[in-house]
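Heads up, the next two complexes both have chain A, just with different partners, chain B and then chain C.
Now for the complex of A and B:
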């Protein structure tokens, strides 16, 4: 039965479209996921959420097939129980969408595996995450298909699920947008979630059809469409669903903080810059940055170590597994946002400038707007110098004066030799430090 | 149950044999929901947004349902046979579709006008027009009962790629500013394409194809215009385009 449903399911026409969309969502976006396992898995997981609306619609379409074909009444005296007639249809929809998701993952795996980075163990959690969304969508669509009738059931189920999935996606961490290297998916939690989803699908299959056109009792147009006596079993199934949903929510988020790695990727002499091992692909960029830090003149005070976020400190207490809540005297940390090197040097420049300049000690005192803008200029020059020049890949919403100062700083990093730039910086630091506080 | 009448009443027969107002009922339900969830911001994954999440107001997504409902009313429970019943049936179908689409669009737009103000209502109306075009195209290509597949397949693409740092892309017709000419042109184009797709019935399509091939009709049939003489179109020739042979699909 299952194979014949697979062969005849209308979802098969959808597979090429879904595959094209999945691959496009991998490549027609920021491609920093390439070469990092959790990012790869999360990027390939995401299309499942956006396409799950169609999965819900397909499930509703499949369950309403007897009503559409006018065979609902003929199937009433069948000896085969209803659930055994519905199961293969729902399973076929699940199978097609799971296949699309797995093929998308396969594309991601092939692309990332070429550089053979460490951390493949972070991959499976995100795969299961996509499966949870698909099974939940099919369960939802199947249930809607039994309450509403025919063509509208599919359309309504699809649209409603899309809204629900996106909302819950953020609320319950049903899906993720990127696989942050400092997070991991708890395999136990996500597997239990998958089991919950499968049970919900089973409940949707067991739900007695409330709409008699689907159930096949009364021909269309004759009599009332809803059977009150079926509300009892339906209420039981709904109550079980609610209990399950609460239990699943009680499990907590499957996203948790990663423990400290056995060996972080650290490099540099004057300054140690440490990365998560999975971010091996940024090693070369960071080596260039540390080399530039080493060449900085002595009037810059440089912290002994910079850590990638999550290595020695994390501030967000999203769940119980956060291991550092107190910043203490831990090394300053940086993010690699969307794979941008500028987000590394931006943090470093802020830290170094804050330590190298003498600010006003008194509360409320300042050196004046113009002098402060010089500090902004210095900071943005340092940021650009550490990257190796060029134009920043981000935008800020700072005031126009500060943006102009920042642009001057970035421009300075592109002009003249390092020695000329250092001489300029030295003058600026002297000028800033000697400016009076008032 | 159908009542056999002496008089020929195509509209009554049409309305009695299918649920033509389900789309309007769905729109009414959505309008009732609008005060509660209409302004609700749904976080959606977006390629161009900061942090990968864009906030989409729910009315932009709900407007999709307003568009495909009326198009679903074109579906015939009698399959291909009904298309051969003549011009009256075709007129009835087109009339029901037009009235349905107008009622649904106006109802939803008016509700948005009351709740969120005039400029947003115009934006909603433009979105509905575009979705209507997409629904009609999908309905013609896949069969009317599958008209919802088009919007539901396009929506994720609009959500994911429609937004960039500097605002919405030019083809995001549901969200571009109200005075954006290109968005209006695109919407009009989509709606026109939808109307053209509806008009391209199987017999007209066949007539067009034979015209392009340079096929001349035999002299005996020369006085017949296939576009006007719907009764004489062989059913099996048009089944591929109409696609309503539902028992053979799936």
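Now for the complex of A and C:
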């Protein structure tokens, strides 16, 4: 029966479209995930959330078939219980959408595997995360299809699930927008969630249909075996649902901080810059940055080491607040945001400039607006210099004066030789440090 | 063999079938009666859709009850007056689904489907989608649904409604081949009864007014009673008599 449903399911017509959407989402959102396993896994998992709307609609359509086709009455006295007759249809919907999701993920695997980066072990958690969303959507759609009927059920189920998924997705970490290298999916937690989704689907299948239109005087519950046999499986599945709901709620979010790696990717002489091993593809960029740091004049105070976020320090968050662990003497950290090298050098420039300039000791005192803007210019020049010039790939919402100062700094990094730029920076540092505090 | 004793059935405060006792051997039993006589309710009760309020139903060696429900259901083929189908199914898939859902064991299923398709003359239409069938073909598919797996009890509710004369002749021919089952055929059409029924049950106001052969019903006919055939006159005479009582 499962194969028969697979052959006849209208979902089969959507498979090429769904697959195209998956691949388009994978490549059109961004491409910095290529070469980094957790980012690839998250990017390839994301389409499942969008496709889950279609999955919910398809599930509702499938289960409402007896109401639509008028087969309710002739099905009432069948030997095979109703839940077994519904199961192949629901399973076919799950199979199609899981297949589409996995095929989309396979594209991601193939693209990233070519660069053979470390960290493939981080992938399975994201795969299960996609499965959870699909199975939950099918469970929801199946339940809706038992209440409503016909085409209406499918439209309501699909749209309602998308709204729910978008709302709960944020609240319950149902999906991950960006596979941060310092996070991982806890396999136990996500597996419990998958089991919970499966029992929810089982419960939806066991639910008595409210949408069956049967002719004549046929009372509710007609055709069902006597009460105890009907209630038995429902009671077991309901109990399992409650237990797994408690377990899933107790385990919390499946997204957790990764432990520090045994060996980070560190390089540099004057300064050590360390990356997560999974960010191997940024090694070359970082090597160029460390070489430029090495060439900086002595009036810049450079920390001995920069760590990518999560290696030696990370913020801890709870539902209500975000607080920071005591950094102690741990090195300053940087992020690689959306694959941007500018996000590395921006953090480094901020740290180096902060250490190299003499700020006012008294709280509330400053050296004046113009002098402060010169510091902004210096910081943005250093950011641009460390990248190797060019225009930044980000925008800020700073004041127009500060944006203008930043633009001047970036422009300076594109003008003249390094010696000329260093001479300009030297004058600027001297001027800043000698300016009086007000 | 189907034995019904002291059967009562109803909905809410309404009693539809009152103390019905019948015995049916293998063969075609036509169920005649005016609208509201309780024919469909009787068929649904026999189909195990609604448990009887009172009384006993025995099919071959099994008496209907919670313990025997599955066994009895596996022996019943039921075709309601308005039966439906998934238009995306082929004829073969439709009948195969019936065999599966009626509990025909996997090894015997394919043969059972083939047999039902052959009996209904749908062998060459097995791969045709249900949505592409004519009304007569759809009705034959419905009969295939009802007879697949050779059930002991076949319940057909107004199966010839909407069929043209040729299709009705074809239908009668198919049903006549089912010799090893009790066939209960609910109908308004006395020419169907004339053509194929071995026994006739006339229901009125929830009771059986008559059970016997079509010839016996004809003998009850009053020449002045309305009707075009002796059977129709027998039927109308019987109902007129029951009204007078």
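Going forward, the second predicted complex is superposed on the first by the 395 of 438 C-alpha atoms of A that agree within 3 Å, B and C clash if a C-alpha of one lies under 4 Å from a C-alpha of the other, contacts with A are read in each partner's own complex, and residues count from 1 in each chain.
The rule we apply is simple: contacts are C-beta pairs under 8 Å (C-beta built on N, C-alpha and C of every residue); 3 or more make two chains touch, one makes a residue touch a chain.
Quick caveat: nothing in here was measured; it's all calculated off a predicted structure.
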With the two structures laid over each other on chain A, which partner does A:158 touch: chain B (first), chain C (second), both, or neither? first
I'd like to know which partner A:78 touches here: chain B for first, chain C for second, both or neither. second
Give one of first, second, both or neither to describe whether A:21 is in contact with chain B, with chain C, with both, or with none. first
Contacts of A:187 with chain B and chain C, given as first, second, both or neither: neither
Have a look at where A:113 lands relative to chain B and chain C in the superposition and call it first, second, both or neither. neither
Quick one: chain B or chain C, who's touching more of chain A? B
Touch check for A:8: first (chain B), second (chain C), both, or neither? both
Considering only the touch criterion stated at the top, classify A:235 as touching first (chain B), second (chain C), both, or neither. neither
Just checking: does A:69 make contact with chain B only, chain C only, both, or neither of them? Give me first, second, both or neither. both
In the superposed arrangement, what residues of chain A touch both chain B and chain C? 8, 10, 65, 69, 222
Chain B partner, complex, touching residues on chain A are 8-10, 17, 21, 25, 28-30, 46, 49-51, 53-54, 57, 65, 68-69, 150-152, 154-156, 158-159, 162-163, 166-167, 169-170, 175, 177-178, 221-222, 395
Touch list for chain C against partner chain A, complex: 11, 16, 40-41, 44, 47-50, 66, 69-70, 73-74, 76, 78-89, 93, 96-97, 100-103, 145
Seen from chain B, its contact residues with chain A in the complex are 1-2, 16, 22, 26, 42-45, 47, 51-53, 58, 61-62, 64-65, 68-69, 72, 75, 145, 148-149, 152-153, 155-157, 159-161, 165, 246-247, 249-250
Contacting residues of chain A [partner chain C, same complex]: 1, 4, 8, 10, 65-66, 69-80, 85, 215-219, 222-223, 225-226, 229
